[in-house]
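Both of the next two complexes hold chain A, though its partner changes from chain B to chain C.
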Partner chain A sequence: MSILEYNGAAMIAMAGKDCVGIAADRRLGIQAQTVSTDFTKVFKMNDNIHVGLGGLATDVQTLHNVLKFRMGLYELREEREMTPQVFSHLLSTLLYEKRFGPYFVEPIVAGLDDKNKPFLSSMDLIGAPVQTKDFVVSGTCTGNLYGMCETLYKPDLEADALFETLAQALLASVDRDALSGWGGVVHIITKDGVTTRELKGRQD
Partner chain B sequence: MDTVFGIQFKGGVVLAADQSNARSILVYQNNLDKVTKLSSHSAMGVSGPNADMVNFTEYIAKNLALYELANDGTKLSTKAQANFCRNELAVALRKGPYQVNLLLGGYDEKDDAGSLYFLDYLAALQKVPYGSQGYASNFCLSIMDKEYREGLTEADALLIIEHCIKEIATRFLINQPNFMIKIIDKDGVRVHSFGGDPADT
Partner chain C sequence: MGDSAYSFSLTTFSRTGKLLQIEYALNAVANGRTSLGICTEDGVVIATDKKLASPLVDIDKVSKVEMITDSTGFVFSGVGPDYRVLVRKARKSSQAYKRHYGETQPVSQLVKQTASVMQEYTQSGGVRPFGVSLLVAGVDGDGKTRLYQVDPSGAYFGWKATAIGKNYINAKNFLEKRYQDDMELEDAIHTALLTLREGFEGEMNSHNIEVGVVRNGKFEVLTPAQIQDYLDEAN
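Presenting the complex of A and B:
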């Protein structure tokens, strides 16, 4: 039993043409048992940044609170909004501070930088960051997710096509994983705003 | 071994818990009250070692009372109370964890509605329409999945609770003869029924 697989999660973030999308499943489980089918794992930090927190549910919630706090502090001091690059670096530092007693969360960050260009990053539970141009994944079925993304991804997808790609990649991946699924949510972020859609999938 | 479960209905929440206090092969008592009143309109059904149960619930209840006293009578919403509990559990988790799994139920006048929160010992919090903690889940969750509907009346909710208790009595290995059932609605927290009177010494 791995601590990172105790509650179950699946998430993807993908870049499109001047837009990003981030999707996650909705399951909260305790090992084999499903406790809830509307657990939130993707959080809007500001108009330009969404973070997906996959892993131990308690640390997902704790980390979300810590990030909200740190972001609030930054905005009070700097009198400006955080960019995704800064947020990603903050998250990385936060995680490494707990190097020998970590938060059991492997986050993904999706946002639009100050030039409205897509930004994607992911990291492991101690904050080792990776920045990519195409997609990032996290959760209990990363193998499935990588396979689906590699197959379905095309560069420069428009917002609607990006939604379809994200939705199909997520649903197909979680259907082969016992610990994730039970619905999904997809957020598409463009410079004009965020569109959120719920996915109807196999409820098992 | 503790059994705790609860259901939200239109205008409130029902919380039920078994009343056994046991360790290993010995049953100490059969009239323990595991549904603790937290504030005028909220209560917590708790499962876990007796020490952590009592210490945690008393700590939370007294802190909630202190908040009301220090803030001119402002009451905390059920959501706020649940998040306060979560934070206390999360902070304690990496120091000296409270090994308590709980279901927090409350009534909010603002929405004229009850709400139920699932909070496990690792401090994972989720608002749920119905829930259970412990081995009970194996028996009760499916019954509640089948029978729960939006807008249940109090009587309907109690019927489902009865159904769950019957199932536990039939199929659960551990004998749990007594259950404490409490209802939280606009009139506050009240005892609906119990198998063993907690006041009996």
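Presenting the complex of A and C:
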């Protein structure tokens, strides 16, 4: 039993034309037993940054609170919003500080930088970061997620097309994974705001 | 610091509500060599008088204007060794900032951090306040240029132009007359040199002053050759 597979998760973030999307499933399980079908794994940190936290649920929630704390302090002291690059760097440092007793979370960061250009990054549980221009995935079915993204992704999609692509990639991936699924949520972030839609998927 | 046998602060209130150790520290600053700074929209200049005890001193090896991050610099008036401790701490803190956030620490954050350290030394066991006032030049989180003064008490102020150390009142009056909101950096550098010369004992040259400049978001210490060019233009 792997601790990162105890609760189950599937998430994708993708870059479009001057927009980003981030999607995640809704399942919270305790190994085989499904406990909740509306568990939140994607969190809005500010107007420009969303973070997806997949892994052990207790660490998902604790890390979210730690990030809220750090972000709040930053905004109070600096009197400005954090950019996604800074957030991602901070998250990486936070995770490495727990190198020998880590948070069992593999996060993905999606946002728009100060020039409203897409920013995507993901990292492992000890903070090794990867920045990409197309998509990032995390969870218990990353094999499926990579396959679907690689197949469906096209660069410079507009917001509505990005939504469709994200939704189809997520739903098809979780269907072959027992530990993720039970619905989905997709956030599309543009400079004008965030649109959030719930996905209807197989409830199994 | 460390294993002090003093768990009580040496900076205590007088009956009139003053912290005399801080007042005395400010006296040490007022007796120090003059420093000044001018902030414009396209840059900041800080400068100091580097006069030393004897012509035998290798003056080029003395460094009073110090870089803290690639876009901020310090200069001081007061007790030199205390200054060097603050420079070390400020550099370490700004590197720690970069390690956490991946970005250069904005000058206002550096100032708050340094001021906080100076305040600690007025309220901790077995230590005395720093005998320096700092002038900090740099670029802030919004991309704008800033000039700050930090005092031994830990109080900090943003300035358009200011002077500290010996003869600071005359220097500030001089600056007040000449400062304009739409000044450009090159004018400011000339004005800074003229102001320094006003109170200078003896002849001012490119080796017995030090000048630091924030230009295009980067801090640099001017070489004696660069200072000489400005001095030549002023003549």
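We take it that the second predicted complex is superposed on the first by the 204 of 204 C-alpha atoms of A that agree within 3 Å, B and C clash if a C-alpha of one lies under 4 Å from a C-alpha of the other, contacts with A are read in each partner's own complex, and residues count from 1 in each chain.
Here is the rule we go by: a contact is a pair of C-beta atoms (placed from the backbone, for glycine too) under 8 Å apart; a residue touches a chain by one contact, two chains touch by 3 or more.
Computed from a prediction, not measured in an experiment: that's the story for all the values here.
*Asks:* Mind checking chain B and chain C on superposed chain A, clash or fit?
*Replies:* Overlaying the two structures gives chain B and chain C room side by side.
*Asks:* Taking the superposition as given, does A:101 touch the first partner, chain B, the second, chain C, both, or neither?
*Replies:* After superposition on chain A, A:101 lies in contact with chain B alone.
*Asks:* Once chain A of both complexes is superposed, is A:93 in touch with chain B (first), chain C (second), both, or neither?
*Replies:* Only chain C; A:93 stays clear of chain B.
*Asks:* Applying the touch criterion given at the start, work out whether A:204 contacts chain B, chain C, both or neither, answering first, second, both or neither.
*Replies:* neither
*Asks:* Now for A:36: first (chain B), second (chain C), both, or neither, which partner does it touch?
*Replies:* The answer is first: A:36 touches chain B but not chain C.
*Asks:* Once chain A of both complexes is superposed, is A:61 in touch with chain B (first), chain C (second), both, or neither?
*Replies:* first
*Asks:* Touch check for A:28: first (chain B), second (chain C), both, or neither?
*Replies:* The first partner, chain B, only.
*Asks:* Between chain B and chain C, what is the tightest CA to CA spacing in Å in the combined model?
*Replies:* 23
*Asks:* Show which residues of chain A both chain B and chain C reach, each in its own complex.
*Replies:* Comparing the two interfaces on chain A, one with chain B and one with chain C, no residues are shared.
*Asks:* Using the touch definition up top, name the residues of chain C that touch chain A in the complex.
*Replies:* Against chain A, chain C makes touches at 99-103, 106, 108-109, 112, 141-142.
*Asks:* Residues of chain A touching chain B in their complex?
*Replies:* 6-7, 28, 30, 33, 35-36, 39, 56-58, 60-62, 65, 101
*Asks:* Would you mind writing out the residues of chain A in touch with chain C in their complex?
*Replies:* Residue list for chain A touching chain C: 74, 77-80, 85-86, 88-90, 93.
*Asks:* Of all residues in chain B, which touch chain A in the complex?
*Replies:* Touching chain A: residues 86-87, 89-90, 93-94, 118, 120, 122-126, 128, 131, 137-138, 141 of chain B.
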